[in-house]
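For reference, the structure discussed in these notes is given below.
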Amino acid sequence: MAVEEKEVGFLGLGIMGKAMATNLLRNGFKVTVWNRTLSKCDELVENGASIGETPAAVVKKCKCTIAMLSDPSAALSVVFDKDGVLEQICSGKGYIDMSTVDADTSSKINEAITSRGGHFIEAPVSGSKKPAEDGQLVILAAGEKALYEEAIPAFNVLGKRSFYLGQVGNGAKMKLVVNMIMGSMMNALSEGLVLASTSGLDPWNLLDVLDLGAIANPMFKMKGPTMIQNSYSPAFPLKHQQKDMRLALALGDENAVSMPVAAAANEAFKKARSMGLGDLDFSAVFETVKVLQHQS
Amino acid sequence: MAVEEKEVGFLGLGIMGKAMATNLLRNGFKVTVWNRTLSKCDELVENGASIGETPAAVVKKCKCTIAMLSDPSAALSVVFDKDGVLEQICSGKGYIDMSTVDADTSSKINEAITSRGGHFIEAPVSGSKKPAEDGQLVILAAGEKALYEEAIPAFNVLGKRSFYLGQVGNGAKMKLVVNMIMGSMMNALSEGLVLASTSGLDPWNLLDVLDLGAIANPMFKMKGPTMIQNSYSPAFPLKHQQKDMRLALALGDENAVSMPVAAAANEAFKKARSMGLGDLDFSAVFETVKVLQHQS
Amino acid sequence: MAVEEKEVGFLGLGIMGKAMATNLLRNGFKVTVWNRTLSKCDELVENGASIGETPAAVVKKCKCTIAMLSDPSAALSVVFDKDGVLEQICSGKGYIDMSTVDADTSSKINEAITSRGGHFIEAPVSGSKKPAEDGQLVILAAGEKALYEEAIPAFNVLGKRSFYLGQVGNGAKMKLVVNMIMGSMMNALSEGLVLASTSGLDPWNLLDVLDLGAIANPMFKMKGPTMIQNSYSPAFPLKHQQKDMRLALALGDENAVSMPVAAAANEAFKKARSMGLGDLDFSAVFETVKVLQHQS
Amino acid sequence: MAVEEKEVGFLGLGIMGKAMATNLLRNGFKVTVWNRTLSKCDELVENGASIGETPAAVVKKCKCTIAMLSDPSAALSVVFDKDGVLEQICSGKGYIDMSTVDADTSSKINEAITSRGGHFIEAPVSGSKKPAEDGQLVILAAGEKALYEEAIPAFNVLGKRSFYLGQVGNGAKMKLVVNMIMGSMMNALSEGLVLASTSGLDPWNLLDVLDLGAIANPMFKMKGPTMIQNSYSPAFPLKHQQKDMRLALALGDENAVSMPVAAAANEAFKKARSMGLGDLDFSAVFETVKVLQHQS
């Protein structure tokens, strides 16, 4: 995928994939798309994309193929099933999985691709629909360095920044670390909001003060107001946040890293699940902190 | 201190007080200053300030006096000692204590001032030397509303934003809540940095990724690099951070607010104290998370 | 109170005090009793006790006086009020406060007694009504060693074991340490019972298995069955348990002792208070662990 | 294995297995033994045991076979390897695995045995060498109820009590729950001992006071003195305790059980591992609580 070629396959046209493939087209890439429900390809075709009938067909046609699938099982299916990526991957062809999957899934795909002589990087992203549309994703790539370098022109279109993080699995690990910090911070905000309210302070004032200081951050600014209004429309479901904290703690366990704050946050998210809040936004952990009665 | 008057007393010319009094002078206020070591007044006098020989003399001269003192004992001494504020405070005079003190200290001063007919607000600030010089402090005022409103012209010079938070004590409480959240976040960052390192990720990459995402904040950006370099020059001493977490947890205890993440963070700061790190920067809590050996 | 004399004053005839004074009478002590409601002395008088009209009168008559009062304010009142202990305490007279009070209260009483030449020990007990009746209390004495030694004959009647713990305040501290461990253990049991139930195990089986192993203890045996039955009749109110955990953590804070498990347990007791369970037995912390829903 | 028969196979003659098989012989059972190192069978043969050349040979000869192996891999190997249990198991034959293994291992063995028509229970024990020799084990059996009932005469010889806990896996789960509670209690004791010492109390007094009260238990009595002497000769290695806490927390995670105290204890055990204490006794978690310096 040297700059002169700018040809790429693209598997998976969900909310993220569609926005990303559209960006590639807009920036002069020739894109061959595939989606399980083929009708979702229509809009891309109107914008100049070609269609591949199967993942294998896309890989056969393109030197380099990007995938953006909804979950680990979809990521595995596209590679291993009949008419899947494995049937055509070979020496000289690259496969870039930008789906968010666990390290195990990524490893399995990596082994299968490379054992057939193919090249592989995982490249999960930070950022959702809007950054995807705006080409403002943050890309956490790991795997074969040469393929990463080949992919830079595409990554420059898709994201505001890409990182090369070393061996396969490191992209997934980096996401876990970031999400673990985020989960602890969400608990810190929740505790602060409740402490403010019960102490006679206006929680809206707290949000304003926070936003003017050294710990001001977009998440507090975005989630704080909806939390005060007990609104937890799921941008990132709580049960997924808790799963990531569990996996981050397990990663720490392998190397004897004691993380008492993350552990306490994890238990709070579990408590939220036990209250039936697992499908709401992860900010619903706020509910676990609220004071129910005051009598003693 | 209506706009037409713009006359104010100022007690305490430490790093913060000097910057603040200078700002008032620059913005057209007539300022009468006092400092325990009177020689520290010289520079202010060159810039147009008058000198008061004692706190009482300043209060006698000025309708409204601001204090910015180093700690609760200094704040109490300036009010209650011989030649102190109390000797001249009376109906029609206002006293604004912008020092960072605990709620008890603030209450004592409030009672003494108001029992003599004086007017009082506490107005602790968020921000240190640089924001003080730039008039970019955040001011957390509480106490008599009328005095707060009178003080707005001065606050507009000293800070980028001022809040009126209700009854005396609420300024101190708001600082505790903010510092509690900050302490939990510092632990979250520490745990993330160690988890990254032990998992084969570059902690500098983690800082870059964090800075591009939803939880990007000035503290991570400022402290992260020095932590990776094990440098803990004390901007905010760890023992003070731990004291604030203890007080915040105690505030929660009064109203039965369970805050497991702040409690875990508090214990980590205590651990750091037990390692002899209390006088270093609060980011030295990082040392408590580090893995010492790996053998089992 | 050498063996030959065996004469003692006794202030406070509540449930505990009455049982203790009765035991002293039964074992050959001459006892002069006082109680705020004097009618409560009748039964003791039938058993051979004399009556003192006031605490001062008791102290005047007896070389050594024991007090067993309901709380710190009663303990202070008996000493400092009109007709109180202080009016007659003097060189050669001893005062033994066996009430459960905080270290501050104990120190105040100690200072007042000793500044008048009197002798003082605090001697809080472990054990409630039944052990008091059976002379099976555990006595945690601290203060003047000579008075402790003089009191041993009485302590041998009242308790199965007495400890001399050093300076005044150490009795209260020892109780805090024990109660802190107890509070963490109660949480451990609560978590285990819920984990068993949700994992398809019978919690009654868990209690049986626990009782046969290395961690078998009377508290698990006594509280386990009532917890499974959601019965929390208050033997030791949860709010008092939480207060003791708070004080124990504060004691640790003074010396930078990080106690993450006690801190987590303390937050769980706070959560229970926030659910309105503060007046129930401390085993009601079990309610905070229960799983409410399972859907995600 | 009805009472009249009292014939049983026994696989594995380590410390535990040898004691158990010896007990069966002493109590009138005809026992056919096998051990990977056959020479270890000699002593049993002197006491009247027969030898089986392979696990398969033992199963062929006996209606019911007990296994007591060192770890999951040994437990799997004896069943699945050449000349293993599976080669002879069949309808009418029972297999009782008393090794301590995880639920997965137990399930695999169960499926293999029952798919060949055999009968299976897992029956891990609580108790080590001495209780095994004295027939004082606690047996946590789960699996086919009929086989459990058949095994009762043997269990009565081996243990002071046996429990039937339902489906396969429940024996392992019960051990996890018990060990989780034990791990939290060990942390509670560690924190209490350090708090006592730093507060001017004698930790030996604390142990005495604990042993006289409602939370007295054999573990405190046994481990407390060695902890005070910083002696951690490994009876139960810390890394295994931490693994059990991890697995117990994972079990809770499946059902959204929030267990903040166990989670805090788990992080303390991880901290101990990070200090290189994983191979010492689990009471070495005490080292994580100790205060290193006091200056601030």
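By written order: A, B, C and D. Residues from 1 in each chain.
Assume a residue touches a chain if its C-beta (ideal position, glycine included) is under 8 Å from a C-beta of that chain, and two chains touch if they have at least 3 such contacts.
Just so you know, these numbers come straight off a predicted model, no measurement behind them.
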| item | value |
| --- | --- |
| Of all other chains, the one whose Cα centre sits farthest from chain B | D |
| Separation of chain A from chain C, taking each centre as the mean of its C-alpha atoms, in whole Å | 56 |
| Euclidean distance of C-alpha centroids - chain A vs chain B, Å | 39 |
| Length of the line joining the C-alpha centres of chain B and chain C, rounded to whole Å | 42 |
| Residue numbers of chain B (touch at least two other chains) | 252, 256-260, 263-264, 267-268, 273-274, 278, 291, 293-294, 296 |
| Contact graph of the chains (line, ring, star, complete, other) | complete |
| Chain C partner contacts - residues on chain B that touch it in the complex | 246, 250, 252-253, 256-260, 263-264, 266-268, 270-271, 273-274, 278 |
| Touching residues (chain side chain B, partner chain D) in the complex | 238-239, 260, 264, 273-276, 278-279, 290-296 |
| Chain A - residues contacting chain B, complex | 126-127, 138, 140, 160-161, 163, 165-167, 170, 173-174, 177-178, 180-182, 184-185, 187-189, 191-192, 194-196, 198-202, 205-206, 208-210, 212-219, 222, 248, 251-252, 254-265, 267-268, 289, 291, 294, 296 |
